[in-house]
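Here it is, the structure, as structure tokens.
Note that the chains are named A, B, C, D, E and F in the order they appear, and that numbering of residues resets to 1 at the start of each chain.
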Amino acid sequence: MNMQRNPIRKIWTEGRGAINGWLSIASPFSAEIMASCGYDSVTIDTQHGAVGYETMLLMLQALRASGVAPMVRAPWLEPGAIMKALDAGAWGVICPMVNTRADAERLVSYVRYPPHGCRSFGPTRANFALGSDYAAVADDEVLCFAMIETAEAVSNLEEIVRTPGLDGVYVGPADLTLGLTGRRYRTGFDREEPEMLEAIHHIRKTAHAAGLRMGLHNGSAAYAAKALSWGCDLVTVSNDVRLLAQAAQDSVAEVRRL
Amino acid sequence: MNMQRNPIRKIWTEGRGAINGWLSIASPFSAEIMASCGYDSVTIDTQHGAVGYETMLLMLQALRASGVAPMVRAPWLEPGAIMKALDAGAWGVICPMVNTRADAERLVSYVRYPPHGCRSFGPTRANFALGSDYAAVADDEVLCFAMIETAEAVSNLEEIVRTPGLDGVYVGPADLTLGLTGRRYRTGFDREEPEMLEAIHHIRKTAHAAGLRMGLHNGSAAYAAKALSWGCDLVTVSNDVRLLAQAAQDSVAEVRRL
Amino acid sequence: MNMQRNPIRKIWTEGRGAINGWLSIASPFSAEIMASCGYDSVTIDTQHGAVGYETMLLMLQALRASGVAPMVRAPWLEPGAIMKALDAGAWGVICPMVNTRADAERLVSYVRYPPHGCRSFGPTRANFALGSDYAAVADDEVLCFAMIETAEAVSNLEEIVRTPGLDGVYVGPADLTLGLTGRRYRTGFDREEPEMLEAIHHIRKTAHAAGLRMGLHNGSAAYAAKALSWGCDLVTVSNDVRLLAQAAQDSVAEVRRL
Amino acid sequence: MNMQRNPIRKIWTEGRGAINGWLSIASPFSAEIMASCGYDSVTIDTQHGAVGYETMLLMLQALRASGVAPMVRAPWLEPGAIMKALDAGAWGVICPMVNTRADAERLVSYVRYPPHGCRSFGPTRANFALGSDYAAVADDEVLCFAMIETAEAVSNLEEIVRTPGLDGVYVGPADLTLGLTGRRYRTGFDREEPEMLEAIHHIRKTAHAAGLRMGLHNGSAAYAAKALSWGCDLVTVSNDVRLLAQAAQDSVAEVRRL
Amino acid sequence: MNMQRNPIRKIWTEGRGAINGWLSIASPFSAEIMASCGYDSVTIDTQHGAVGYETMLLMLQALRASGVAPMVRAPWLEPGAIMKALDAGAWGVICPMVNTRADAERLVSYVRYPPHGCRSFGPTRANFALGSDYAAVADDEVLCFAMIETAEAVSNLEEIVRTPGLDGVYVGPADLTLGLTGRRYRTGFDREEPEMLEAIHHIRKTAHAAGLRMGLHNGSAAYAAKALSWGCDLVTVSNDVRLLAQAAQDSVAEVRRL
Amino acid sequence: MNMQRNPIRKIWTEGRGAINGWLSIASPFSAEIMASCGYDSVTIDTQHGAVGYETMLLMLQALRASGVAPMVRAPWLEPGAIMKALDAGAWGVICPMVNTRADAERLVSYVRYPPHGCRSFGPTRANFALGSDYAAVADDEVLCFAMIETAEAVSNLEEIVRTPGLDGVYVGPADLTLGLTGRRYRTGFDREEPEMLEAIHHIRKTAHAAGLRMGLHNGSAAYAAKALSWGCDLVTVSNDVRLLAQAAQDSVAEVRRL
């Protein structure tokens, strides 16, 4: 069990953006399948995904062999859930609804050991999965992303991105659209409305100006590719639920059509 | 809990072939997703799928609302597993490796109540899922498919298809190709070799001549459509593992290409 | 996946009170059994029931076919747990220990999308279980109940019932008795003490005066029927644990007696 | 971990018949509830119950504290399943569909260690649950019941009951009625038809004449009490599914009626 | 289901310190194994252990037969998780990171029923596992431990130990060392640095002076024995993960060496 | 997903014997722990271990990252269970109670694809875990061990070891002692009785003479080392249950003694 490093940081060192898969189905096998498909990282979604702690753990175990960096989206800004995800072997946490500088500081405090935060020590499985030197490298390697997805978060953005210990911001376009524009537009990802594009670019530039990374949730490969071209550092491409449903629907439709 | 009938039999009454989805991932949620995609039936594969009894049961429960007929591929010609799948609420069983008339008779005996067979009485969940009149209708409604997928099975085909109580034969082209041609050809579905096509047509015609249904496992929508055009009564189109893997690979490749 | 509406609201439109079953055993099959017994709705208790997120999800899947409205009692006033229950397909949430107007506002904010609340968008399974138009109808259809079960809650009742977006209050008589009268009386439901009856009627009237629904937890059918006669809008009748234990004890006692 | 003895044998020594609960719901908690209700033994039904190996194990663990003797009904006359149930800590096995002397001998061989049978040695959990002296006492304490529930079994009864190492026969009236009378009568337990009563008494007397115990599956406390009065040694009273469903239906009906 | 009392309190009454096992592997069987090894109590670690609510429940069920007192370390100072652990049948809670008097008061309020706290009433499984008189005895029997493991906690110690309803403090040396000395020393247990020894003795004396119990987490039997000799009231000795890993490594090394 | 080879075959090529760990606890995490301890291979025991199919699958997933070769001991000589273990990604199967040449031939037929056997094609997870070229290499790489552990097996040994396609024999000393000597000696491993040593050496020599590998189940490192010195090719050293229990008992005893 020699030293391991976070593969996403390595990709960034090489000047590339990371292509991230998204896991909303609670299944270690579908996780293993997804991890074989070419993603740089995969994120287990314990917020909106149908995944609880115990299956998340099984998925992290099934993902370990792939070499793909596993991250976890936390259910909420809650210390118990965030620390358990890290102890279970996630290389990073994406936290929803970080709306203020105080939120961001709490998030960082849950992710970093003292004196940088108040993360409690006990990386029970991380010691096995991420290397026996985990305690020494965790604060440098573990990624901490704050989701910017409300009007309040946008208005506090300058303060949020200057939170010490934060690695990046992650944009959830569905919530951000609801938050910024109410119910004027359809829900979902891959926004094309000028004000939404402007908001996304604003977040990206503000993050980069502060030396932070910027991630974006995308519904399609086309939009994800566009996001990479904008300089996004982590682009999520669809998720297992949509990929499976679309592929199955297409295939049934094709049989019926032929 | 009023009377229910097997949706696949209804489709056949309408003169159509049934389009069957295939579930190899052990997850009630992916089952629910697949059941929303337009299939007429879905089969939980407890032979080669990564699915055991307990998740099979959860998947049958999750499938119930969809109105899509659930079937189970048994792990082997074993009475315990076959009867448990039926008690759990499957509308049919597909049994692998039925090679002789004696095999076929054993299979039927596990699926039918006395005096037609030796199925033990206790449809514990079927009573809830398939109607409180299940005991009265089961022998008429439950489907019993024997897989024809070895050289031995092909040579015994005439006897097999005349087994009273058998509803159909189901062809697994991967095993059939191994069995008939050894390792001359690639493994897998969607055979184009003349001798394999001939074998498949022979099985179809022999089944139909005996008044049985014929099902075929297909790797692609195109081949499944072709099978329907040949008169196949149940065509499986790919499975959840391949649909998800292919869709994810395509989507990552598209991001990288764009 | 066409539009669905919350069956409990439909019952209320018809001028009836809803009869609610209560699920404290973590089992999709016992959920399915309970849902076949004539209840209008069933509530999965993730507070005092022996049920965690992952089995709750399986139970929601097993309940879907029944047409009985599934609700969830949250473990506590926690955004993560409440939003996950809704995303998993619950038609309503009953939240324990809502003691102040601020508590009630937080509760509503977790249940409603912006601008009515801060519920994060991602109804991953609800989209499948409750209709593909879920996003459009959720705020109108999902039920939000605040439990009134402490002295503090009773003293803040007028403010609580005026919280915009709240649909009803739900009374837990065991906690309410502890809270209002200390340990003077036995613990449990079906209170007959005059001060407890007075408290329950006070809550009911205050809720109704504010245009809210009122639910009551009952230990027996007789008390539930009485509660319906008082005008309660949702009456829970015992739970799976007590029903099973009582029926089993009675049956053993009968064998021994005969 | 001192010596333990099979509680059912102790009851018989006292000249009483054992009252047996029946577990068809896969839940350690419902098992714990049932075990608190006064039964002398409970049987986990892995044949028609919705229970697989892994939940059976959890249920055996949850039952251990109760002092109620746990037994398992095997899915079929299969060595793997029977031995695994015993290694997991069951005090006895009830095996379905034992139709011939050869079946009975195979059953005994799976339950007894050499030289009395071919049970493989490795009581991994039984060592913890049933005493560290399990290896020494197992062959004397573990109960082996053969189900007599077909016409064939009845015709071979004299030979079956003389199988060395068999402890008793157990009658499943639903299957026995199907087997002996075809579909002339309703399915189910608590038979009152003269020929079925005659068959049950015949089995009981034949078993007792050979020094074996006789168990009967009953649907009601009244019939179980009658069976005890006939001299049955183990009477099952309903099961968790029916007890729960009936109690819930009755309770809803009572609310609606009042 | 007669009255039961907390075995740890009984041990203290006898003037001994309790030897506590620590469960970080999510497995009812490893819990059963550990409970057979001579510990007075075992604690299921739902903070750093790889254990979620649902396996914790199964472990509590498997532990019930042993007579060893089960406790739970909560994931964090969260009312939902703490109350669920108690309702599930834990005889005590150890809560991490209790840093202030206000924290300690919140902790006690989650563990005690009104008027001593705000624990909500519904001991669904505790009623079965810990006695039908649980409601009457819970506040006297359930143990409430606050972890003292930060610099802040040490500075607030005098106030914390005087919190009414608190039974004891529990020291986590790994976090305490990080908190008091930063990263000057190796992480882990069994501290020998003078300032750490001084801190531990200070906490022990302050707790005892206030009439509270003091527990210590130890990595080795030798240190645990030393802690008992100091007067510690509850000493944890290693955990299942380390015991298994060390024993397996030693055994492989021995084979290779021989 | 490039080509992988069975690590055990590689070790043998290097002229060493493989040191094998044994997993009887159903837990992916304890599997991961064991796999970090230096074993060359680990075997999941689905016969006497408390492990069913579904946890076996999770354990295989958790083991994948370790590089330690996973094998499975089958519950019995059953085609369904054996083929499912291989499809799930085991690099080998150890089959209990292979007593005759016919048994051995059936075993091989379940493990090899046509024309070498009748294994059905569908390596659903093996394709992901063991390489995308699995179909091409499986028959050469997968290990097939027959357990020799009865008097009958010893008397048929010459015929058994000449079964084409069999890779080795594996000796279970507990069963073998029961089978050869009845109950004259204690049950268990690490036999020292002259007749048992003679039997073990006879099996080893007969296997080697036929070009087969020979494995031995050992209770201690000392005996395993001795077995290696005899030329055994695979030596199992204790198991997770005993390692954990012994380590925990020792540690508690040490605290009490000090």
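In this section, contacts are C-beta pairs under 8 Å (C-beta built on N, C-alpha and C of every residue); 3 or more make two chains touch, one makes a residue touch a chain.
Computed from a predicted model, the values in this text were never measured in an experiment.
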item: Intersection of the contact lists for chain B and chain F; value: A, D
item: Result of counting contacting C-beta pairs for A-B and A-E, higher pair; value: A-B
item: Repeat of interface C-E, chosen from A-B, B-F or D-E - more than half of residue-number contact pairs shared; value: B-F
item: Numbering shared by both copies at the chain E-chain D contact, with half separating same from different; value: same
item: Mean-CA-position distance for chain C and chain B (Å); value: 41
item: CA centroid of chain B to CA centroid of chain D, Å; value: 34
item: Touching two or more other chains - residues of chain D; value: 26, 29, 33, 36, 50, 52-54, 57, 78, 81, 125, 241
item: Pairs of chains found to touch, sorted by chain label; value: A-B, A-C, A-E, A-F, B-C, B-D, B-F, C-D, C-E, D-E, D-F, E-F
item: Chain B residues within the chain C interface of the complex; value: 1, 28-29, 32-33, 36, 57-58, 61-62, 64-65, 125, 128-129
item: Touch list for chain C against partner chain A, complex; value: 52-54, 57, 78-81, 83-84, 87-88, 113-115, 118, 120-125, 135
item: Touching residues (chain side chain F, partner chain D) in the complex; value: 24, 26, 45, 47-50, 52-55, 74-76, 78, 81, 96-97, 149-150, 172, 174-175, 178-179, 182, 187, 241
item: List of chain D residues in touch with chain C within their complex; value: 19, 21, 25-27, 29-30, 33-34, 36-39, 50, 220-222, 224-226, 228, 235, 237-238, 240-241, 243-258
